[in-house]
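Every chain is named by a letter (A, B, C and D) in the order it is written, and numbering of its residues begins at 1.
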Amino acid sequence: MVRIVYLGKFADWAGRDEEEFEAPLDWEGLAQRVEPRIAEELRGDRAHISLDGVVLADKQALSAKDGSEVALLPPVSGG
Amino acid sequence: MVRIVYLGKFADWAGRDEEEFEAPLDWEGLAQRVEPRIAEELRGDRAHISLDGVVLADKQALSAKDGSEVALLPPVSGG
Amino acid sequence: MLDKGLSVGEAQAAFSNINRLSGGIASFLGKVRDDGETQALELTHYAPLTEPAIRELAQEALSRFALDGVLVWHRIGVMTRGQPIVLVMAAAPHRRAAFDAVDFLMDHLKSASWLWKREKRGGTWEWIEPRAEDRLDLSRWT
Amino acid sequence: MLDKGLSVGEAQAAFSNINRLSGGIASFLGKVRDDGETQALELTHYAPLTEPAIRELAQEALSRFALDGVLVWHRIGVMTRGQPIVLVMAAAPHRRAAFDAVDFLMDHLKSASWLWKREKRGGTWEWIEPRAEDRLDLSRWT
């Protein structure tokens, strides 16, 4: 399984902080399974995806294996 | 009387922290009454005199009246 | 990243004690300002990103400036006005290095910070989008 | 000007509390460094000169920068290594103003300070003349 972590407003939109999707998981699989408006925002420039603690330069290159953690990162608000 | 306050090494040289001289007191009167090496150092650029809390731009213009406080300020060491 | 109130005094005392033979300690404490509207703010982070990023930033400050030590604390969770958000300290033999390090850490803390903020106004929580936020942050820290 | 040990922690906490709604607080704490030789140092001042000069300096910082408050403390008397000599704090809505004010105060504190220093080395007290001292001070604060 791949653990999906929702941050910020994505957690509100998803109605949860995290859930599990079946492994392996690529960009298409992810975009299909998350809430449509999360997928839409993830297609934009300001939202990011991290895989096991590393922010992906190219979200579409996502390739998560069993045991991985994928975090869905809305645009950061600064600190 | 004019109160004379010795600061820093001048207090060591004078053997006291303060004393009183008769009023009025001008530069010549001061230079004659203090320890010779204090007078000598006061003639240099780096030592100063204050009269009632004001540092004199021209030490030789000293004119202390009865009740005044004259402080003899060796070169400052910084803070 | 701390999810409880910063005990700023204790941190400063401890840091000062650890670095007691340093020539100087510069510090900056950033707090929640009172904008007259915001009742509370909440910062959420993602630890697998923020923690290594902040450690790396501290490490970079240590290698870039002649320091004896640095401290970087950032609050997360719910805060109200007047409460500390960030505390950065640098101990160094020379004032300039300590100052520059604190400045550097503050400048770069935001880019190392994967933080999401929501604010409570009129009883309602709202997520802060970066466009509006940039301005708010600049006015808070810059 | 304080002739007893600075309670740095208490001062910082009190200043932070008074200025609790300020956006940020910058501070610098200068301490007696360990040069391996000096066993103690003693600073003497002349209050009628130092006190108005430091008050005036603080006032100038308040008028020059957009600040909520400043604190300037300077130790006099006998100190040993690791002990605080000077504590400067500035509270401001903006980080830059707080930083610049602390820098400004530190830069000008020496010219406002009518201070005479003697150091104890090998059991003997010696007055420090400015020529040698300039270098020492620069290395302590700059």
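Rule of thumb we're sticking to: a contact is a pair of C-beta atoms (placed from the backbone, for glycine too) under 8 Å apart; a residue touches a chain by one contact, two chains touch by 3 or more.
Being a predicted model, the structure only gives us computed values, none of them experimental.
K.L.:
Measuring between mean CA coordinates, which chain is farthest from chain D?
P.N.:
A
K.L.:
Between chain A and chain B, what is the separation of their C-alpha centroids in Å?
P.N.:
Using C-alpha averages as centres, the distance is 77 Å.
K.L.:
Just the number, please: Cα centre separation of chain A and chain D in whole Å.
P.N.:
Centres of chain A and chain D (C-alpha means) sit 51 Å apart.
K.L.:
Between chain B and chain D, what is the gap in Å from one C-alpha centre to the other?
P.N.:
Once rounded, the distance between the two centres reads 27 Å.
K.L.:
Indicate the residues of chain D shared as contacts by at least two other chains.
P.N.:
none
K.L.:
With touch defined as at the top, which chains are paired up in contact here?
P.N.:
Between chains, contact exists in these pairs: A-C, B-D, C-D.
K.L.:
If we count contacts the way the header does, which residues on chain A are in touch with chain C in the complex?
P.N.:
Touching chain C: residues 5, 7-9, 11-12, 46, 50, 52-53, 55, 69, 71, 73-79 of chain A.
K.L.:
Touching residues of chain C toward chain D in the complex: what are they?
P.N.:
Answer in residue numbers: 8-9, 12-13, 16, 20-31, 33-34, 81-82, 93-96, 98-99, 102-103, 106, 139-142.
K.L.:
Mind listing the chain C positions that touch chain A in their complex?
P.N.:
On the chain C side, the touching residues are 43-44, 46, 48-49, 52, 74, 85-86, 109-110, 113-118, 127-130, 133-134, 136-137.
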